[in-house]
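Next come two complexes built around chain A: one with chain B, the other with chain C.
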Partner chain A sequence: MVRLTVRRLLYSIPILIGVSVICFLLMNVLPGNAAAGLINDQMTEKEKYAAEQSMGLHDPLPVRYWSWLTKILSGDMGFSQQRHRDVAELLGQAWVNTFILAIVSAVVGVVAGMLLGYYAGTRRGRWADKVVSIFSLAGLSIPSFFLGIVLLSIFAGEMRLFPAGGAEFGVGIGPAIRSLVLPVATGSLVTAGITARVMRASMVDVMAADFIETLRAKGLSEWEVRKHAVRNAVAPVLTTSGVQLGYLLGGAVVVETIFRWPGMGTLTYNAIASRDLPVIQGSMLIVAFAFVLINLIVDIVQAAIDPRVRGTLL
Partner chain B sequence: MSEIVVRRLPAGFGSSASAADRKAGQRLARKFLAVDDGARPQAFWKETGKRFLENKVGVGATLFILLLAGAALIAPWIAPHDPLTGVATDRLQAPFSSGAHILGTDEQGRDLLSRIMYGGRLTLIAAFVPTIAATVIGTAIGITATMMGGWVQTVLMRGMDMLYAFPAVLLAIAVSASLGPSLANALIATSIVSVPPVARVAESATRRVVTKEYVEAAKLSGASPVKVATSQIIPNVLNDIVVYASGLVGVSMLIAASLSFLGLGALPPAPEWGFMLNSMRNSISIAMFNVMLPGFMIFLTSVCFNLASDALREATDSRL
Partner chain C sequence: MRFSKKRFARLGVGIAVASLVLSACGGGGGSSSDGGKGGGVLKIAMTSSDIPFTGPYPDNGYEGYRFVANNLYDGLTRLNLDQDTELPTPQPALAESWTPNADGTVWTFKLRQDVKFSDGTPFNADAVIFRLETVKGDKNGKYYDADVAARASSFYKYVKESGFRKVDDYTVEIETTQPYGLLNYDALAWFIPSPTAAKKVIDGGGTWADFAKAPVGTGAFTLEKLVSGQQATLKRNDAYWRGAAKVSEIDLFPAPEAATRLSMLQSGEVNWAEAPAPDSMETLKSQGYNVILAKYPHGIMPRFNMFRAPFKDNLKLRQALNYALDRESTAAIINKAGYPASQYVYKGHPDFVPTNEGYHYDKAKAEQLLADAGFPHGAGLKTLVFAYPQGGSGNMYPPEMMQSLQQQFADIGVKVELKPVEWNTLLTMGIDGLNADQWSDIDILWASPAAGMVPTGYTSTVMCERVPGTPNAAGLCDPRIDAAWNKGLAATDINETHKLFQEGMNVILDEAYFLFWMHDLNLRVLAPEVKGYIPVQSWWVDFSIIDVES
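For the complex of A and B:
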């Protein structure tokens, strides 16, 4: 177990380096020039060259990557020309909000999805199963921006039950929860749909396994049998839940934009409009690092609770 | 009385030998195939197609997609209005309120039915082009990695892991943000995002096949690696990949719709459903139906893609 954890940790290092290389290349090699914010049409060729020179744009790529990486590691994520602020400073306030939203959505969605999937999987073919299947399909298919707009117009527009946007932290627990409800509902409905699908399929498989019959033959109550079944069925759900959290972080751009949530997603959306690449790069880097970390934790937790997985990991 | 020998030989019999050998091989093949006993090789895709047609939900979903594709294809002839120009005084008309605009108008007075029809083109392109591109590239990567092994496999598959380390939507957003907003760039971004999962599926399917006797036999008969891949491996991994790719169609449609919702897809005034929803969403309190329509179309199309993909998966699985 310790060996596996160490190996899995070591394996994450090249992945993280690769992630940083991809982030760097995306923002530096592709046509969208990193100096675009400094350059304008009134400049002479010489001034443009000087501006690019000042940003080190004429150095060879590996040199630029190295200087970029050392800066990132020392906490300097670049400067947003459009907003005249340090990217690290901008993101520092935003990433906490984004993670709160993503983690709450993931927990609500995964728990709801597991309950629904369990319920459907133990009642295969009956109407409850069908309702859950339709719900899963809807969750899998609905674009989160559409769902968000629908929820917003019904519950904030028509009924005025919840605020129409923004995060209300620091003014007591009530407003904070109220401001979380709609964005969390948007994120977690999709998550719940996908989780329910995986959990249902896994439950159906396990309930058909021979050991379930053995347990019944030994005279265990149905409740005890189900407890054994759930323990065995939960492994694939755990894998997807890590992926789900990553998708919620990635999809934050869409959900946060709709709910004007003050997180990295909204920052990224505004940065896209003004082609403010350092901000996009910064939030991309944070989310990708978090995603690698989440997958690492999921793998280790899974190996800890399910000995069968240990052989398949690395 | 000579006994009639009925023996079936593969169509490409002797294909890897010299021209003279090939001729001799074909002559032998003709000789042994003197009598056709009517036996046919089991046609996997034919059987799958038959089972697929028995699935009513899957067929219904496919019909809806075909209907949408048909309407998108002949939109210039059947669309009642120009999708790009509107009359400002006809802004946000309610649906069914006038004979001129059956589904109402958008925030610039453009006919929504026409825009939905033309937008179907962009949606279907965004669903299929990235999926096909990613399937071809991902399959090539997966098969190459497994067949070559060694450092090639390590480099290719670890490279895929690195792309996999980004949540799909975020990577697509970053790629198309740095390329600049346009339909082509959104398609490139969506394709890049879909390559790693296809490569993984192709890799594991190839690993299962590559040690089989027929692959060994093909190698021993002197077939080049490319020939082995195209004649032995691809036909045997294709069904796994196609079933997986069918699920990607809906996903890539949603990713592309998200990109255009964020303003990174087709440029306005193109009638992209995702962007239509975004540009109308401030009017939701005045004209709820009009605003919902493009979003609902994305949802419905995506549901149909997923249903069709599920039906295809079931149709192939029952053979396993």
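For the complex of A and C:
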């Protein structure tokens, strides 16, 4: 396991470098002048050139990349002219908010999905299976903007049970949990739906496998048989959960907008719309790194649970 | 497992109990602290997606002025926002009087002597000179504020570079770049920061952006808390020179989604909601909220890209599109939260041209003009790219309005590609211009001008010279307009100014330089406990006279 972990960590390094190169290049091949915010019509050509020079825009690309990378590594992600704030400060705040929302949504979605998938998979063809299938399909089909607005209208607007948005951290555990309920309910539905479908299919396959019959023939109770089945069925769920968590960490724009959640999704969306290049670069980098890290963790956890997959991992 | 009514009821009660328990676990964050001098808390759901910049010049359009800059800072002048009978005009603020010389090239401002910044330091001529130096002084100076110099350039356009001086501790003289009669209007937005506080930040290695984290002005409120993207808390300045505000605190919440603002209002999280969904008006009225609709100088007047074809040198095409707009239908779609515009400003405004009927819906005329323009039934005309925001300060209801417009143009054979952009992006387009590479594909640009709120507001929109940081993005340049406007700007009698602006407006109408579309009625909903609100003919509000009853 240690060798595998070290190997996977080493493999992550070129991936991360590749990600940083892509982030940098994407922002530098876009049409338009990155110094547009510093230039105006009243400037002379010399002043315009100086403004571009101050941003290093006349240096060769590799020099600019290295300069950019070393700044990032030292914690300097630049300054957002549009937001009048340091990018690291903006991303730091947004990342914490999104991280909390994503983790809670992922845990709720994955746990609920696994329970439902398990329940349906062990009752194949029965009414419970059909109900779970309908639920998971609905989870995947209901647009989150619609669900969010409905939940907001009923539970915040009409019943006043939960706040109509905002991340209430720093004023006690109660408000924090209350502020999480509606966005988590909206954001975790897709995860729950996907997880339930994957878990159900996996359970159905495993329960039909020969070793299940062997276990039963050995006289194991049905509860013990299912424990073995779950351990074998959980691998594909872990893989999809990793992808789902990565997606949630990227920030769900719709959920964050409706519930006024100041996270990565809205920050990145607004940055893209306003061509706020330092923020776009920073957020791309952070989300990409998070994806790589999560995949790494998922692989290691998978290998820990299921020795068969150890040899298949790089 | 059967879900009987009883089980559903239990589930509902369970959620309610859990919610109450969680509420009880809170740290009392929702309590209304009154600072010991009374007054409730005004909680506002804004349309912007972030808290406007808290430095001495805001962003996020006029929401930034209304909620942040005008509360944290003062200008040398202020609008009389305590009446709704006429268009507000400049009144004494940090300057108690001002006098232009005969040709309006030198203005003398006499300053108040009883004003202190919220850090306790005195306001005086040095503070005014410091502000002007940071914007119109040495560009390489230590305290030069390049951000404000770029974004607020229209307000400082006529101030001569380094043409200002301290006469005595409470008198300053300001030279203008040309005969100019409206410097008292520009001075509304010369937000004066504390030089002591600003120098302390910058001398310590900080920037103006750092100053904005703990801004110090002379305003009726001070910044207590700022959580980017989520909330700002403004605390009453009890030592405010005009007398302390009635409310103890203003909480600002950015909420770009209309449905969210509605839910926040209904849940009691806010007691003031900007522009909730118009179809909620009747419900809100029946629930006891004060639904306010009032005329004010604001319209949606999209701009044609005059840098290139198809609109450059094609008057008939511009007129055709103006006649193709079924404004009544669009107004109905937004539940009459606005009303059709025939001109740039509304009837009754001092710049309205009574002798020009302007534009109205006439499909036959639109089709004829389109054919005369060389595009019968739209044949040969490119698909028009129309950039518009999804929301943001004063933008009314862009998605609904744009879908309506797209259909109306399609009715005469004109295809439109909708290009939604974020609000600040649209403002960026205003800085860059439609001749910039990245925006050159845009044919029509959404514009939501504060049409005529102040007479200085038009200049950058209608005059040839494009001032950076202003909304003149579309390349409009007509010597006849410039001539009228220059005379109007030079006149030191405001009535003469309006008369000359009418002449310019007449040309703008005849030449159909804009899509004269919709006047806004400024939908705003207040909870019953909010008292003292006056539906002033302005984008700005005097929050010091508003109260919130317990």
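Operating definition for what follows: the second predicted complex is superposed on the first by the 299 of 314 C-alpha atoms of A that agree within 3 Å, B and C clash if a C-alpha of one lies under 4 Å from a C-alpha of the other, contacts with A are read in each partner's own complex, and residues count from 1 in each chain.
Going forward, contacts are C-beta pairs under 8 Å (C-beta built on N, C-alpha and C of every residue); 3 or more make two chains touch, one makes a residue touch a chain.
Quick caveat, the model's predicted, so the values are computed rather than measured.
In the superposed model, A:175 lies in contact with chain C only, and not with chain B.
When the two complexes are overlaid on their common chain A, residue A:106 makes contact with neither chain B nor chain C. Contacts of A:247 after superposition: chain B is touched, whereas chain C is not reached.
With both structures placed on the common chain, the touch criterion links A:192 to neither chain B nor chain C. By the touch criterion stated above, A:296 is placed in contact with neither chain B nor chain C. Look at A:114: by the touch rule set out above, it reaches neither chain B nor chain C. When the shared chain is aligned, chain C comes close enough to touch A:167, but chain B does not.
By the touch criterion defined above, A:267 reaches chain C but does not reach chain B. After overlaying the two complexes on the shared chain, residue contacts for A:233 are found with neither chain B nor chain C.
Judged by the document's definition of touching, chain A residues 31-32, 149, 152-153, 157, 257-258, 269, 273, 275 lie at the interface with chain B and also at the interface with chain C. Note for the complex: chain A touches chain C at residues 31-33, 36-38, 40-42, 79, 81-86, 89-90, 93-94, 149, 152-153, 155-168, 171-175, 177-178, 181, 257-260, 262, 266-267, 269-270, 273-275. Per the touch definition, chain A reaches chain B in the complex via residues 14-16, 18-19, 21-23, 26-27, 30-32, 137-138, 140-146, 149-150, 152-153, 157, 246-247, 249-251, 253-254, 257-258, 268-269, 271-273, 275, 277, 280-281, 284, 287-288, 291-292, 295.
If you check the complex, the residues on chain C that touch chain A are 15-16, 19, 21-30, 49-50, 53, 55, 59, 146-147, 150, 153, 209, 212, 227-231, 253-257, 259-260, 262-264, 266-269, 421-422, 424-425, 428, 431-433, 436-438, 466, 468-469.
Across the complex, chain B meets chain A through its residues 158-159, 161-163, 165-171, 173-175, 177-180, 250, 254, 257-258, 261-264, 274, 277-278, 281, 284-285, 288, 291-292, 295-296, 298-299, 302-303, 305-307.
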